[in-house]
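A quick write-up on the structure given underneath.
Think of it as A, B, C and D in the order they're written, each chain with its own count starting at 1.
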C-alpha cells in the first residue's frame, strides 16, 4: 500500500473507530453500564484525529470532558478507555475518573477536565516546564468555543504569549456551549480576532475536513515548537446532544441535518474514493476493525474488576516517595 | 469671569485640591493618623478631574483603592473623605472602610474596591440595572492597566459589549502595577487593541492633559449613553510609591523625573497663563482655597468620633426593612 | 392545619423550584433570572424550562461562561435597584465567582457603613450522588456558611424548595440557596397553596427523644430513612433539619440536644471543616452538660468523589452509616 | 540540644522565610518562585527581596495579575517536572485561584488513579491586624484545611518559617503555606543552623496542665502571651501549636486535652465554620469523656474586618479574650 494511501486509511479508520466507540458508549449508557455525564464527540472526530497526527510521543495533550475521541486518537487503548467509563480498575484512571477524566501519563494525556477553561492554565504550566527545561516539546490544549468567555482563557493566552510558551491552543468551535450559541456568548464572534489580540498567531481551519486539520496542525506545531503559542480554531459541529440529558431546545433539527451533510467520515470516504484510495472492501475492513476493537474494549471493560471499597481514599495523596 | 475661564480654573483648582489633600494624607500617615494601606493619586489628577466633568449626578462611579482623587473630584466632601481615612464615624463609610473603601451612595460613588479587577463586574451590573429600567445613565468604571490581565476584565468587557450596556471602562494606564511594568504584564501592550477585540470602541487620551481628558470623556459619555460600552485609556503616571511601603526598585528615578516634567498641574497652569486665563493671584487663590479646605477636612476628621466598640458587628447585615 | 393546606398535589423538587421562580417573576417586575443556559437550554436540570417563553430573554437571561462577571453583575444590578436571581449552574463552578461573593457581595454593606445593601439571590445546585466524579460533586455549603454578610439556605423539603426563594428575595441581604441536585426528580406531596416560608429557623422534621439527628438539604431524606430504621429497632430520633445554614439556628440545636442528650450530625460535606463541625462545636460550647455521650458525625469521606457507584456510595453519608453511628452512641455509657 | 543548635542569631520572620527560599533555590535547580511582584518589586512584604539579582528572572518570575492562570501554571509546571513555589500575594486574592487549587491541584492525583502527582508549593500571606479592612484581612486557612488532596501549613515560629518550605518541597503533594503578615517584621532567636522541620505534627510550645490552649500561625504569640498572664494568676496552660492544619494532628490534640481536661481554641478565622470548630468537633467526638468543662473558642468576630484600629482589635482574638475564656472555663464545675 502506498504511504499516502496508508495514511489516508489511518485517518479514516481513526475517525471510524471513535465514531463506533462512542455509538457503543451511548448504547451502554442506555444500559446503565456507563453512568454520570457522557459527552459524545460525534461529528467532531476530524479534529482530534487530524491534530494528533502532528504530535510526537513527547508532546502533551490537555483535553476536556468531551475527550474520548482525543484519547483514542492519541493511541490510548480503547479497552482501558472503556473500562474507565465503566469505572473499573483496569481503566485509564483506574476507574476513579470516568468518562470526564481520562488520564494517561504514559501518553502524556493530562485529562479529562470537567471545569470549562480549567485546562488552559495547566497547559501553560506544562509548556513552561518544557521551556525552562529546554525540551523541544509542545502542549496541545483542546477546549470548546464556550471556554473563551471564561477569565482563564484570557489569563492563559496572555501568559503563554508573554512568556512565549510552546502551547497550541486548539479551540473546537462547534457553535454551542450547551445551549448557548456563540453569538449569545461572545461580542466578537470571530475567534481568531479575539485570540490575535494577545499577540499570537491565530488561524482557522475547517474542522470537518481531517486533511485540512492535519495540515494546519502540522504547520501549527512547527510554529509553536519554534516561536511559542498559536491559536487554532477548528470549525466543527456536534451532531448529538451536549450530554445525555439535553432536549436540544436551542437548535433547529434542520440545522443539525445541514451539518450532518458535512459529516467528516462519509465526506472523507467519498473524497478518498474519488482519489481512488478507498474501495468498498477496504471501507468494510475499517468498519469491521473498528467493530472488533470496540467489541474487545467492551469485553475488557466487562471483565474488569471493581476497586475494593477499602481502597476508597487511595490516591487522595500521592504515593510516590520522592517529589 | 468668563464661563471658559471659570471652567478652566475649576479644572485647575480641582487638581490642586486633590494634590494638596493627598500631600496632607502622606504627612498624616507619617503621624499614624491614617493607617493601613494608602495609595496616592499624585500625578494622575487630570484623569479623575477631567472625567468627572462629563458626568451627571445620576451617573455612577466605580473606583479602586486609589480613589481619593475620584471621590474629591466627584464632589464628595473632603472632610468626610478625610474622616474616613481616620476611621471616624463621620467618614463617608462611617469609618469602616478607610482609604481603600470610600463609598457615597448619594453621589452614586460605589467604592473603593481593593481587589484588582473586582469593580468591573459591579459596573456591568449597575449598567444592566439602568438598561433594564430604561434609565439613561452611565456607569464609569476606573481601573489600572494592571487589572487588564485579570479574568474579570475579559469577562466584564465581553458582557458589557454583548449586552450593550452603558459602561465607560476608564483605564488609567500609569505603566506600572505595583512594580510590574506593562510590558511584563501584557503580551499586547496596546491596550486599545486589546479592548477593541471585544467589539467596542476603544480610544486613548493623554492623561496628563486635563482638557484632553475632559473632552474625550464628554464624547465617550455621549457615545456610551447612546450605544453602549466604550473603553477609554488615559495615559498617565504615578509620581509616588505604589503605597506607603514601596522601595521603588522597579523604576529609575530619572524616569519619574521625566514624567514629572509633564505634571498635569503646572502644565495646565502654564497653559492657562499662556492663554491669559491665569495670573499669580488667581493661582494663589486656588492654592489657598485648597489649603483651607484641607485644613478644614483635617479639623473635621480630628473632631470626629469613634464608633463604639459595641457596634462592632453593625452593618454586617443590611438594616433596611425592605429589599 | 387549614382546609386549604390539607389540599395537596404530587410535585417534584424541580417543579417546586420552578413554581417559586415563576411566582417571583410574576410578582415583581424587578426580578430576573440570569445564568448559564437558564433560557434556551431550559436549565441544566430543567428547573427553568418554559420560563424563557413566558418571560422573555431580558428576564430569563442566558449568560456566557463567565461566572465571576455575571455574579458580579448580579451584585451591581441588585445595588442598581433590581432583584436578580443569579443561577450558578452548580456549586462546583461557584469557586470562579467566590471572590465576588466574599469580597464584594458579603462586604459591601459593612464596609460602606451600611450604605450599600445587596439584595441578591444566588441559586446553585449542589451535592453528589449521581456519579459525576471529583470536579462535579462538591458540597460546599459549609464554606459559604462561614461568610459574614450573606445568608445561606438549604431546602431539604418540597415546601422549602417551593417557598424559600420568595423569602430570600424579600431579604435585603445576599442570600444563597443550595439546591441538592439529587433531589430534583424526587416527588412528594405539597400543599396546593404552598408559598413563602420563613427563613430563620431550623425545623424538627421528626420528634423522637432518644437521640438528635441534625442534618440539612441532601441529607434530610437519608436521615429520615435512618430514623425509620432506628424506630423499628426501638430507638426514637429527633430529626432536626437546619434549613438555614447561616445564621445557624443555635437555639433549635441546643433545644433538641437538651432533650435527647445525644447528638449525631449528618452532613454531605467532607468531614474535616464541615458544617457538622460547627454544629458539634456549638453544642460542645453551649450544651456540654446536656450531653451523655460523645458527639458523632456522619460526613463524606475525605476524598475527591470517585466516579464508580460503589465508591461514591461509600464516600457519602448513607442511612446505614447513620444508623450505625446512632447505635454506637446509644451503647456509650450515659 | 547540640552545640550547633545552641548557637543562635536574631532574625525576623521575613528574613527566615527568605532564607528558606534561598536555600531551596540553591539546592534544587527545578525550584523556581512565581507570583506577582516577587522579582523587581522585591515582594510586597519584601520576603523575596534580592532573590531576583541572585537567581535571575526565569527563576524569580514576576507574573501578571492573573491569579488563576499562574497558580494553574504552577500546577502544570509541577506535573511537568519542575518544583514551583507559587506566591499568591495574599489569601484575599487566592479566591481567584481557588478553582485551580480545589478542582485541579487537589483532585488530579485521585481522579487520575494516582498517575498525576502535583508537587507544588503555594505560599501566601494571611491574616489581619494591620488595618487593611474588609477585603485584605481574611484568615481562610480553615477553608483550605477542608480540601482533601492538599496539605496546609501555618508557621507560627521562626523555626517553622525557616524550615517548612524545604519539607513542603520534599512532599509530592500540593502544599499550601500560610504566612501571617503581622509576623513578618517580628524578630527572635533562631538556631544558626536551622533547616528543614517535620511537617506532620503539632507541637506543644508550652507545657502547663490546667488547660489546653490550641492555636496556630498568627494566634500562637497571642496565646503564649495569654498563657504568661494566666501563669501569673496561677493557671498553667498547655499551648499546642497545630502547625499542620491538614491533615490535623488529632493525636496531639487529644493528648493535651486528656491531660488538662479543658480546652480553649484560638483561631483568627471567623468563628462559625472556623478551623477551631473542627478541633472542637474532634475532641467532642474522641475525647469527650476527658472533658471537665465546655469547650471554648476565641475566634474572630463575624464581621468583615473593619478599618479602625479599635474595631479591628475588637474583631480579632486578643490575649485578654483568651485569658477571659480560660478563666470562665476554670470556673465551670468539674
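By our rule, contacts are C-beta pairs under 8 Å (C-beta built on N, C-alpha and C of every residue); 3 or more make two chains touch, one makes a residue touch a chain.
This is a predicted model, so every value here is computed, not measured.
When the interfaces B-C and B-D are ranked by how many C-beta pairs touch across them, B-C comes first. The equivalent interface to A-C, defined as the listed pair sharing over half of its contact pairs by residue number with it, is B-D out of B-C, A-D or B-D.
Here the CA centre of chain A is 41 Å from the CA centre of chain D. Distance from the chain B centre to the chain D centre is 36 Å, each centre being the mean of its Cα atoms.
Once the centre of each chain is set as its mean CA position, chain C and chain D turn out to be 31 Å apart.
Each of the following residues of chain B touches two or more other chains: 95-97, 101, 113, 115, 118, 149-152, 155, 158, 162, 184-186, 313, 316.
The residues of chain D that reach two or more other chains are 64, 66, 68-69, 92-93, 96, 99, 103, 110-111, 133-135, 148-149, 302-304, 306-307, listed in rising order.
By the touch criterion given at the top, residues 68, 92-93, 95-96, 98-99, 102-103, 106-107, 110-111, 133-135, 138, 142-143, 145-149, 246-248, 269-270, 272-278, 280-281, 283-286, 288-289, 291, 293-297, 302-304, 306-307 of chain C touch chain D in their complex.
Taken together, the chain D residues at the contact with chain A in this complex read 32, 58, 63-64, 66, 68-84, 99-100, 103-104, 108-119, 148-149, 151, 169-173. Residues 60, 91-97, 101, 103-105, 110-113, 115, 118, 120-130, 132-133, 151-152, 155-156, 158-159, 162, 313-323 of chain B are the ones touching chain C in the complex. Contact residues on chain D toward chain B in their complex (touch as defined above): 36-37, 39-42, 44, 46, 49, 62, 64-69, 92-93, 96, 130-136, 301-304, 306-311, 314-315. Every residue of chain A that touches chain B in the complex is listed here, in rising order: 149-155, 157-158, 161-162, 184-188, 193-194, 196-200.
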